[in-house]
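The chains carry the letters A, B, C and D, assigned in the order they are written, with residues numbered from 1 in each.
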């Protein structure tokens, strides 16, 4: 262990067959990649903390679901994808959007409901989009994104492209019929989709086992879809698995299914207490203490001497700087113009007839 | 009488009916251990236990259909949809089973089931969580639909719905749950399904409405009173059965009407009511029946856009002025 | 074998420990029961043939789905139940209704759309009901009866009754989300329901394997529900299994799942040719020849000398007499009175308001 | 021009558009190997192969949603529902995804998808198979809805729907599939979405209608002509966008109107149209706008009951006479 560590460090600082040897203590993941994952997760954490503050002072409204504690499930999965791979998530998707390359400014502005938001303020926390970056939502009906993602896979196969689609869902979505109908379709047509279930134990206030007579891990096996389980608090294990799966799916393996075991450190949404009716304070404190994905990778980086306290603080300061900037940007961004209310309901305004029946817009303008 | 919130009134109705009739049970997401996503079922698990207060998986189609099956053989299920936005997934079971089993069997079955939960836009919860679903349930014969706007009506209508022999959709208002009002405490306080309520009497103009929009209607009436306009506010309370007689009586008195609702215009409740009014009170109308609805767009998230999209006092007053011919003829 | 047979015959004609020994060549099923199953299936066959004729001459309208070839799946399953057990099926349910005790007269009259029909002419072929006999439909939306049946099971458990519910569906219904949501619910609450899948290979014109990446047999295993497979052309095997399952479920085993392997001898519905785009004439002829459930049990009865040609012809004549009578009864039964159009849309007419908005019935009468 | 059945016209539209644009594909139950439950897709598998003509399992929610996903990334799916009765199961994907993705993303996506299939009562297929679903789709902004009543409109509107950048619901008529009519053969025959068509000119009364009911309207017009009544028949063709201008022009000419449709009354298309007419042509109306709809009951199986429940020539004529004041005032 001792040698490996110093080897790595030397390797990382320059010269030598660094990755191979460096890999020994980092599951063979290149040091610069590990550091990037660390940087991403720190940013996600600070971003969500800032969103929490902004919500508390009324800058953000509606429903807001934080990903704190689950950062590795975004960094380690999307981090293994290509720019043109499609990603779709549920309403708990802030960090997934950031992982797919959306700017913290655009995401924060969206949470603030501003025109510069990634959805021009129309979507909000649950509906983040960036068509160019192939971040496809932001779906707030539990399980409803599963057919959609299956359609991305269908289009990829139809066109013979080399992309893949990644579909996130919470474990509670497994009890939606849409999940079953979609996985069968994906299996029948061998579609290039990875179905990633973030099992954070609870669906809102309900533990999965209380309402489900099945295990999450092998749920897709009945469709002949390969099933995998990974510790979602370990970003390196997650990243390593998804590198492999993305490659397999890209090369025609057909759909794959992953249970990512993780834990939600905060309440279901801003209105839900962190602990209470469905889980104890002790449970939350223990798991938050033991299973913080950031602490876990940090310790591995320290152990591998790829990072020290000073560098970490620098990294953290940078993350805080970015979210401060994002909050400022959001605050400064203009509100959407009410005159644009009817924009982008439709992509095409037909020459005849009324598209809008509220009598306030007989001749809808071309939509934006 | 006691002052209760709308939420407490619903909770009382559930408690009283479950105490009265052992065949009544409550089922839905988060209704038991979590005490209800909106706490309407607070305390029921403790009172009645898991046998009669059941948490479900997120399987709207499945548990709605299960409820219908249980009702067909004599239980009286109360199925809570966390919000009606999620009930699109269950619509087949409501429309094709609950609404049809009795008719298709030539009257052999009763389907005494209640589907309830918050309906309509709340605050900035965006397009997928802001549906006003009145039309989806009122359109099909076989279902009954009520939409209480006050704590007293909430208690009385939910109790009637639970006692009714037919499937009843109870559309609650998420923004009404904290609203306070006087509620008769006695266990026999029921509000008859199908009876509209004139919430304010007037002579110059009728604002017909239902659900949360009632409070906007009353605001508008108060405003207009300052200009010496006497507005009658008719709260339908029930959408199906629809109390056309009360609506027509009001319009035949005032000769002018608008419909105010939280939902979309196309095929909305206002379209149905306006159509009845012009058909059956044609000769009494001094102006067309105008409608104030949600803007005909998916609900945007941004606060200012949402406000623009929702029916407002200003839009309501403008519609009233148009039918009062305050500035020229109404209509277009 | 030889001895057994003569023993049985002797046994059946009277005296001796007949059933035990008679059972040897009849899977231990009592001779009188086997004969009853035979009689039922013959009746079902003749009934469906008569329905086919009546449809051809326009006495029956709409959709009409025959059960010819699948008679054993009704006789052998429902034959193992009690009067107060609930049964619900799909639109292919004529023989299931007869097996549950509905009179051929009432069922035929329903197909004819007459007032004396078991649904007063309101339901037709796809919607047969008899509340008293606990025959609950007749459901024409594929898979939609699965949640309903699960509700019957829920009510039974809620009341602590000793009944069970039997839910029929075709194999294609396994691709409906409703199936999955329901089986999970039944498993979570240990509901007394038997889910019986009549796998007749095709859903309309589509072979199951073409659109499904899974086997029918173990489809419910993922919910921890015991799965069974039985040859549905063998009425004795089917009956024996369902006797056992009904007993287990009645005694608290929770839900059970059965794949009943069978084959549809006729077209999907009256408008669908027996063979063509999706199956060959040869296939249908071979399987009809080899797998006729009536011929199979007949031969066992002949072999066991529990039945001979003369008795068979007598039995068949009786079946034909019953369906002739049913057709006559249906023909003679009055049409529903159009004045009753609005009856039984609702069970309760509220004092105020209009239940019907077509302006033709402002004050609906109390419904029948 | 060629004489084609409505079915053949739809088949031609599909063939031409699939030949024109490789992004167009057809998916649904029985559409490929079986050649379509109603044979609308006859021959398409042979022409285009399994890559572009796909049989699905009976998973309406799943394959409808899959289609929406494919459309979001640039394909142009045509999803066939064997009948719209089964689309209740898919309504969530149409209402919450297809109709909302563009708006919620601030206009980043187009959703060029077509959902098509037979809609409305056929002959004695009973309550679960006889739904006229117009209202369920027209109510929600984000969707477009068309309902062709003739072979020429069927071809032209389906082609326009496939080329449209938004989700379009194409409501076909099961009883129209065998109907013959002249259809322009050239590949560019498109009927603009949103344009109503005056199928018959008249001066005394407007019958506004859509879908299969058009033919009943024309029958009624012919009958009334014998009494010297000149009836104008307006076929909406598109429900959303809704060609209010053509309706209003007709009513302002005839001063009298009825709406005739195959569906239920509550929140029906007729309610929406009557509401618009009285609002925007109030001063032109000499009588209330009456509606002729399906009886407000689940469709019964028995032939004689079904006939009573469906809109009939006799009921249509009675409504016309009422707005013509042939026997006393209209309305009630």
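The rule is short, and it goes like this: a contact is a pair of C-beta atoms (placed from the backbone, for glycine too) under 8 Å apart; a residue touches a chain by one contact, two chains touch by 3 or more.
Source: prediction; values computed, not measured.
Here C-D and A-D were compared by C-beta pairs in contact; the pair with more is A-D.
Of all chains, the one whose Cα centroid sits at the greatest distance from that of chain A is C.
The distance from the centre of chain A to the centre of chain C, with each centre set as the mean of the Cα atoms, comes to 49 Å. Annotation: 37 Å between the Cα-based centres of chain A and chain B.
Mean C-alpha position of chain A lies 41 Å from that of chain D. In chain B, the residues touching two or more other chains are 56-57, 59, 61-62, 85, 89, 92, 96, 103-104, 126-128, 141-142, 240, 242, 264-266, 272, 279, 291, 296-298, 300-301, 332.
Residues of chain A found to touch two or more other chains are 119, 121-123, 127, 139, 141, 175-178, 180-181, 184, 188, 211-212, 345, 355-357, 359.
Listed in rising order, the residues of chain D touching chain B in the complex are 61, 85, 88-89, 91-92, 95-96, 99-100, 103-104, 126-128, 131, 135-136, 138-142, 240, 242, 264-272, 274-275, 278-283, 285, 287-291, 296-298, 300-301, 329-332. Residues of chain A touching chain D in their complex: 86, 117, 119-123, 127, 129-131, 136-139, 141, 144, 146-156, 158, 177-178, 180-182, 184-185, 188, 343-348, 350-357, 359, 362, 367-368.
By the touch criterion given at the top, residues 61-63, 113-114, 119, 121-127, 139-143, 172-173, 175-178, 203-206, 210-212, 277-278, 335-336, 338, 341-342, 345, 355-361 of chain A touch chain B in their complex. Every residue of chain B that touches chain C in the complex is listed here, in rising order: 25, 51, 56-57, 59, 61-75, 92-93, 96-97, 101-112, 141-142, 144, 164-166, 192-196, 238, 240-245, 272, 276, 279.
Residues 175-181, 184, 187-188, 211-214, 218-219, 221-225 of chain C are the ones that touch chain A when the two sit in their complex.
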